[in-house]
Amino acid sequence: MMEITLNHYLVLSTILFAIGLVGVMRRKNLLMLFFATEILLNSVNIAFAAISHFYGDLTGQMFAFFVIAIAASEVAVGLGLLIVWHKRHGNIDLDTMSTMRG
Amino acid sequence: MLEPINVSLESLNLMTLAPMLIPIIGALLIITIDIIKGGLHKTLYVGLSLLFLLMDFGALLDASGVFAQNGTVMGVFDVMMIDGLAILSQFIIVGASMLFIPLALTHKRFHEFSYPEFFALFLFMIAGFQFMVATDNLILVFVGLETSSLALYTLIAMHNRDKSFEAAVKYFTMGALAAGFYSFGAMIFYALTGSVEINQIASVLTANKFEDMGFVLVAVVFMLASFGFKLSLVPFHTWAPDVYEGASAAMAGFMSIVPKIAAFIVVMRLFEFLVNSGVVWLEIVIYAFVVVTMTAANIWALIQTDVKRMLAYSSVSHAGFVMAAVLIGTTQANSALFLYWALFTFTNLGSFSMLWISRQKHLPAYQSSDHSYDKFAGMIQTAPMAAVIMAVFMLSLAGIPPFALFWGKIYMISSAVNADYKVLALIMALNSAIAGYYYLKLIVYMFMREPIVGSNGHVYVANATLSLKTIIGFAAIGTIFALIAVNPLLEFITSFVHASGF
Amino acid sequence: MEFYLYLALFAPLAGSLFASLFGASKKNLIAGLVPSLLLFTSFVSSTILLVHILSGGEAVHVEMMTWMATGDLYIPFGFLVDEVSVTMMMVVTIVSTVVHFYSIGYMDHDKAFNRFFAWLSAFVFSMMVLVMSDNFAGLFIGWEGVGLCSWALIGFWYHKESATWAANEAFIMNRIADLGMLIGIFLVYWNTGTLQYNEAFAAMPSLETDVLVWTGIFLFIGAMGKSAQFPLHTWLADAMEGPTPVSALIHAATMVTAGVYLVVRANPLYDMIPEVGIFIASLGAFVALFAASMALVNRDMKRIIAYSTLSQLGYMFVAAGLGAYWVALFHLMAHAFFKALLFLGAGNVMHAMHDELDPFKMGGLKKAMKWTFIMMTLASVALAGIFPLAGFFSKDLILEVAFIEHHYVIYSVLLFTAGLTAFYSFRLVALIFHGEERYKLFGVHPHEAYKFMLIAMSPLLLLAIIAGAFKMTYFEMVTAVLPATEYHVHSAMTYWIMTIGTQLFVILAIAYAYKKYANSNVKVPDGTSKMENRLCYKILSNQYYIPYFYEEYLVKPYRELSAVFWKQVDLKVVDATVDGIANIIYTTGEKTRGMQSGNLSTMLKWMVVGTVALLTLAVVFGLAVRYSVEINAILSALGVK
Amino acid sequence: MFEAVAFYLFAFLTIAMFFITVTTSQALYALTALAAGMIFISAFFFILGADFLGAVQIVVYSGAVMALYAFGMMFFDTTRDVKEKHGNKLIVSGLSILVAVLVVVIIAAPIVSTNMSASYPMTEGVGNTQEVGMVLFTKYLVPFEVAAVMLLVAMIAGIVLAGKKMDLSLTLMSDDDVRQVKEEENKKVLS
Amino acid sequence: MFDHILSILIFFPALAGLFGFVIQKDSVRAYGVAVAAIEFALSLWLWYAFDANVSGMQFMEFLPLVPAFGINYILGVDGVSLFIIILASFFTMIGIASLSDTKNEKNMIITLLFLQMTMVGVFAALDAIVFYIFWELSLVPMLYIIGAWGGPLRIYASVKFFLYTFAGSLVMLVGMLFMAYYFYQATGTWSFAILDWYRLILPETFQLWLFVAFFIGFAIKVPMFPFHTWLPYAHGQAPTIGSVILAAILLKMGTYAFIRFSLPMFPDASVFFMFPIAVIAIIMIIYTAMVAYAQEDIKQVVAYSSISHMGVIILGTFALNVEGITGSVFLMIAHGVVSGALFLLVGVIYDRRHTKMMSEFGGLAQVMPRYATVFGLMLMASVGLPLTINFVGEFLSLLGFYKQSHILTLLAGVAIIVGAIYMLAAYKRMFFGNVTNEKNKNLPDVNTREWLALIPLAIITVWLGVYPKPVLEPINNSVESIVQLMHEKSITAEAKERIPNLIKDAEAATSAQEAH
């Protein structure tokens, strides 16, 4: 219990990932939905760092680093899309976004 | 203290980077030009893009020559891996892009093509895809994937109308979720094997004889979910029809080909060793994916009222069909994948271009969407040539010989047969029959219905310019005379696939 | 001789083609004359051939060309003129020549004069093929050909519903029999390897009896159809809807006797299977009686004659079945002459009476139609078998045959039938020509037929009278190929008793008929008389309810079943299944399209659902693998292998 | 001991923060909680000795990403309560529970990695940043450069999407309108 | 030039069709007739040059297509295919010549020319994939013809036609791929050449499965019960020319394929399935004949009669002896001529009255005697009267099957009865009786253009009925070699017994003669 093993981190990471998934499913506000996707990526980062630590291998940190970069880029593009949408529609509600269906 | 590392330049094999660097340079050049002097006509950028893609193609030819001689080349600290798969898929990627770019020169003005950023992003995207396929490092795959995806989202949105924003947002959000899945999957692989290189992962897993089967499967699940999204396998396909509808027809055609082939390469690299090492679960799951994707997408395509949506579902179905290659995993199946996709490129780009050429800005009252079936009613009377070409594309998609896709189809089914997947072969064949219905539906509209009063043939060529016609001509010739090309193509592909050990 | 053979064969065809050139145009005398003359040529050629055969010449056998040849099968168009076929040729050409010339007058006013001759000559050609062919396939060609022409000629007045109905009935019934014939032919081919008569018959003795019996039965089924034997007899009476010359030629003299000809032709076969022969004879005897009984009460002049034909065919089959082939053939010939005569006479009457067929509405016509009266009376006498007319020689011979072969039941049936025959024949004659002139009630002014028609009929009259005289000549000739059994009752005493007894019986019957119908009391029946309400009368006048039975229990069910097959089975089961599969696919699509709600949240949920589902599967599988040892232990503990 | 305490503390905090992020209806709370969660995550990095990563985490997330989000929030004016219609809670809660259960099951057994060797082992006595730099600029040079391209792409995308260029849609305008706009632009250039 | 006569035959019409696009609308018909006439002349030349004494393939052509996968362009004709090719070119010619005024005539003629390419291609192909290409491709022009010029339900009918056949042939395609795979396993090379496949002896279980796969494709095309329901719709809705070509040529693809593929490749399976298929054939014969009897639309009568006749063809094919197979091949041609003619005839009246319901007619024999005559002739041919073309085929088919089963042949023979029933009933309803419908009073009789099509057909009907030898002989030679091949290839004892050994028979025959 007191010995923190890799598994602890993995469990934590998975729990956070699950929280992220819940957010993704639950959120109707697009901005807040994006928050949830950030959680997803971050939860994985913890695991990568932990694995890297416990294996004494740097690759995990590398991966985490790139994941951060990716997350950042996604924010930029995502926000850009939201802004365009908001300019046209005055909202960022996901439910208004269903002109295409079937 | 860290020892300084000495790296010899030769060992880096920097030439392996050449095909990817060319479009990046091109993109940068385009941006630079735009910064220096704005307001230049789009033809310049189209020309430039085409030029760089051509150079890219040349570089690929060179690389393929090298591969033919030396086999797989690893480069730049073994991150880059130029094997047969990489070269073949890049050929398709670059080839399809070259067919796509001239579609920008429409008669009518569309938002995205008026901005040089479009072309820059496009080239970046190509480079991203190229990186994605030319490595077995999951990190680079991820970065390449995201580079291209982010560019792609923007390109879709740049069409600049409500539907395209909606499409982009949907695609983006789901893409973000898929990225999460991907990283999670990669994480578990890493946890299991301590490596993010597929070869390494494979060898470690094989060495410990899949001791942690449960974990492997979890990793595989997340990878499947992520690539299922990219490849639009049911139930991860939901974005496809909406995004295709929202994007411009040309872009939709492009999307149905290039991102998917890139994803297929990764899937092949990642899953085939698993399937081949006897992970029964994966075999069953992929089997189910193949069958469900083919069938369900076909069934949904039946009920569409818009041609573009129908084609979207159809390309979902085709992806499912090709996914069978991953399941079968023989050299023949993998060759079939490339053959199929190469031929699919011509046909599908052609059919989407036909939609593109008939794109109107303002819809008449009888048309509920951009490309509703009604629009094509009686086309044979008002625009016979266009109708015939469109029909050829539809027949090819349906797998009617001797048009292009037929050859891909029989080779794929044959590979299923040869690997003793009897039932699968039958399902694949029968699905073609279901698919026949909705392709026929368009033909029925074009050839057998009376034109709607007030529509004239001009609708179908509203967007036509020489370049569009040329591309359609290319696609049509490629589709009709595929017969001639199949043999050299097949030999080429098979030798490359075989040499890559797949 | 080959030339004459071809001439005899193809002259009618030429005539037919010639007439058909005018097929759709207006009446043209040429279209009637030319075929008639060509037929006369055919007749002359046949006569030359007959003379050739009579003078002891070789049978003429030619092979014109190959028809079908495949595998081991080889069927040529081969023609054979031997003693049997030349007899038939003579019968056919004589009667048809007469009928042709007669028809020129009879069809005088018909719009479709040209078409009539085209078909009539075509019929003769088919008949010639039938009788001259040297193999079963050729026979079958003629067989079907006469069927076709019969169909066309029965339905000649196609605007009449009854005529076309009768035509179709005739064709279809014949087809039923033809199937039997076809099977018989197949049997012959697969067992003997050939369809040529001589080769096939030569090969037959080495075959098993079973095969021979079946062959015999099936071939006879074919014969039954053409010769209208029970139960395929109904068409013949209905066939009387055709023009009377047609009835005379086809449904009395020639076509209907084809069945007899077949049995005669296949005599080597039937000789080997006497049990089938007995069956044929019994059936023949039955039909003889059966048909005669129906003729007793019928009120349609032509139908009466038709039943009489049927009855006589029964006689012929008795002879043929009992192995007296030459007798059958002889009766066939004699019958052809007098029956054709009878029909043509009836045609005259019909002409005179404006197509009235009910003899009760005639009466006393002998004044107006003297020659016709004479001819019909003589023909009836011949039919009744009164010495010395043709019928006596041929028909009594059959009785003798039955007697000699010890088939007394058959004999007595035939004897009784002979009486009936006499009765109904003279009932008819009496009703038509004697008694009161009832036709006046209907305002008809009868007149005698054209003279040339009467002249045309005269050869038949002559032959009906004298044909019997040729019996011995004929016997000598024809037994060259047929079994030469002379039928003599062993004791002369018995012979004379039989002959005279028969004659007396017949004469009595005639007298009774005259008594009953030649007086002035005869009324047009109106369904009130006592006799008409008798059960047996009803049965007889309704033809034993057989047509009714066919209509109710065969035709109607067939029609209804067809409708059911189409509307219920084909559309609602077979086709509906196909459409159903398509519909299932389509509705599945419609029902599941909700998955694509267009709502991003739903899409994301789907992705998660997919992943979780896979994950569950993976975990289950992973756990199973991880604890496989334990699971196996538990399973084996539970006794599950 | 210290490690355990820190782990549990920060684990609790991150989970709590992220939980708030996904459940609160106040966008501002969500944003704040997210930012806090990010910071706490960086704490893990430091615990795990990935100093560089921790720094990057703080810089990128708290610095860049949060700033962007905050900017976005202001733009969207979502400081007020966001009304979210939740259609079927059953699915969401069901799926969440399922995920949680699966997690437990998956992690029930420790990952066995017997024959695994570190590809890029950490060297004793060398700063994490140095090590990272070493690997990043040799092995992961290409991904690094591609990431740069990716960021460029993201930048261009952001500019294109959020900029004025998207305000007028050439796609929706008829040809005449487009021409008119062009002419006006030219005039502007001239004047 | 004539080394490539088959290729010319195949592609000439298609090329001409392409050129047809530039022809002015009003003249395109003359152009079409000219092209079709040239094609017909070429096909006649093919017959002339055909050596009837050779039983194998003639005019072989070879061109590698996808050698890596064993797909080659191999063509050749033997007696079996020769006449169907001629028939195809013949019908295209008279079809175009007799085309009544249609809208978009140009499209129609070009489509017909393309259709001709596919038809000739199917029968000339000796490579399974090439065969398949033409087989599938033939659906497309027919789809267009039915769908664009058909009746009110034309779209339903055409799509049904297309999808049904398409689905079936996909199963067949899988079968072909399996066959190629087995060939590959046996020899180590890929080949789709039919003649190569002939040499492959398969174990019986494989044969059974493959037979079924091929069977589904062929059976739907034929169409065999219970896969036949597309046909009435297709015929019912198709324009005259479509029905004519469909009935005359396209249906024959299925039966031809049985002889070309199923029999020689799977002799044991053929024997195994002989009786079930015979039963299906008998159901086709009797059941569809009864359904035909119930029809109210004359065209449907002819359509169902086609199915019924196809039953006889199938039966003859599965007689598995020379007589039966020769008969069935001949019947294919015969049925092509006769049903083609019947559909043309129905078209004649449809052009005049724009209805096909028999209740609308009656007494037409008075108004249109010439029409009635030709109709009568064709009707009698359809019924199988001797000396018409149909009889030869029907007789031989039934004769052949009689060797295999007496009872079943007896049942199948009912064809001649039920056939007569519905045909005569239909004829009676249309032509006999009085003219009751005012509209029928002044119908013009057959005109010159229609004569142009009908007279040759009538001549052929009688000519080949009387003198089938020129056609029968080449067929016979080819069929003999097929039967011999089947006998030699078969592995089960039953098959050896059921399929006659011609060589041994011949020897036995000669020795028997010597003994005499």
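By letter and in written order, the chains are A, B, C, D and E; residue numbering begins at 1 in each of them.
Operating definition for what follows: a contact is a pair of C-beta atoms (placed from the backbone, for glycine too) under 8 Å apart; a residue touches a chain by one contact, two chains touch by 3 or more.
Predicted model, so just to flag it, every value in this text is computed and none were measured.
Minimum number of contact steps separating subunit A from subunit C: 1.
By the document's definition of touch, common neighbours of subunit A and subunit E comprise B, C. The greatest centre-to-centre gap from subunit D, using C-alpha centroids, is found for C. For the pairs A-D and C-D, the count of C-beta pairs in contact is higher at A-D. The most central chain, judged by C-alpha centres against the centre of all protein C-alpha atoms, is E. Once the centre of each chain is set as its mean CA position, subunit B and subunit E turn out to be 43 Å apart. Note on chain placement: the centre of subunit D and the centre of subunit E lie 69 Å apart, centres being C-alpha means. Here the CA centre of subunit B is 27 Å from the CA centre of subunit D. Averaged C-alpha coordinates put the centre of subunit C at 34 Å from the centre of subunit E. Looking at subunit C, residues 582, 593, 596, 598, 600-601, 604-605, 608-609, 615, 619, 623, 626 sit in touch with two or more other chains. Contact of a single residue of subunit B with at least two other chains is seen at positions 139, 143, 146, 150, 153-154, 157, 169-170, 173, 177, 191, 194-195, 214-215, 218, 241-242, 303, 437. For subunit A, the set of residues that touch two or more other chains comprises 6, 10, 20-21, 24-25, 27-28, 34, 55, 57, 59, 62, 66, 69-70, 73-74, 77, 80-82, 84, 95, 97-102.
Screening every pair of chains for touch gives A-B, A-C, A-D, B-C, B-D, B-E, C-D, C-E. Touching subunit A in their complex are the following residues of subunit C: 593, 596-601, 604-605, 608. Contact residues on subunit C toward subunit B in their complex (touch as defined above): 582, 585-586, 588-590, 592-593, 595-596, 598, 600, 602-604, 606-611, 614-615, 617-619, 621-623, 625-626.
Only residues 1, 3-4, 7, 11, 14-15, 18-19, 21-23, 27, 30-31, 34, 37-38, 41, 44-45, 48-50, 52-53, 56-57, 60-61, 64-65, 68-69, 71-73, 75-76, 78, 82, 84-86, 91-92, 95-96, 99-100, 103, 106-107, 110-111, 113, 116, 118-122, 128, 131-132, 135-136, 139-140, 143, 147, 150-151, 153-155, 157-162, 166-167 of subunit D touch subunit A when the two sit together in their complex. Only residues 23-24, 65-73, 137, 140-141, 143-145, 148, 151-152, 155, 158-159, 161, 164-165, 167-168, 171-172, 175-176, 178-179, 182-183, 185-187, 189-190, 558-559, 561-563, 565-567, 569-570, 574-575, 577-578, 582 of subunit C touch subunit E when the two sit together in their complex. Note for the complex: subunit E touches subunit B at residues 64-69, 104, 107, 129, 132-133, 136-137, 139-140, 143-144, 147-148, 154-155, 158-159, 162-163, 166-167, 170-171, 173-174, 177-178, 180-181, 184.
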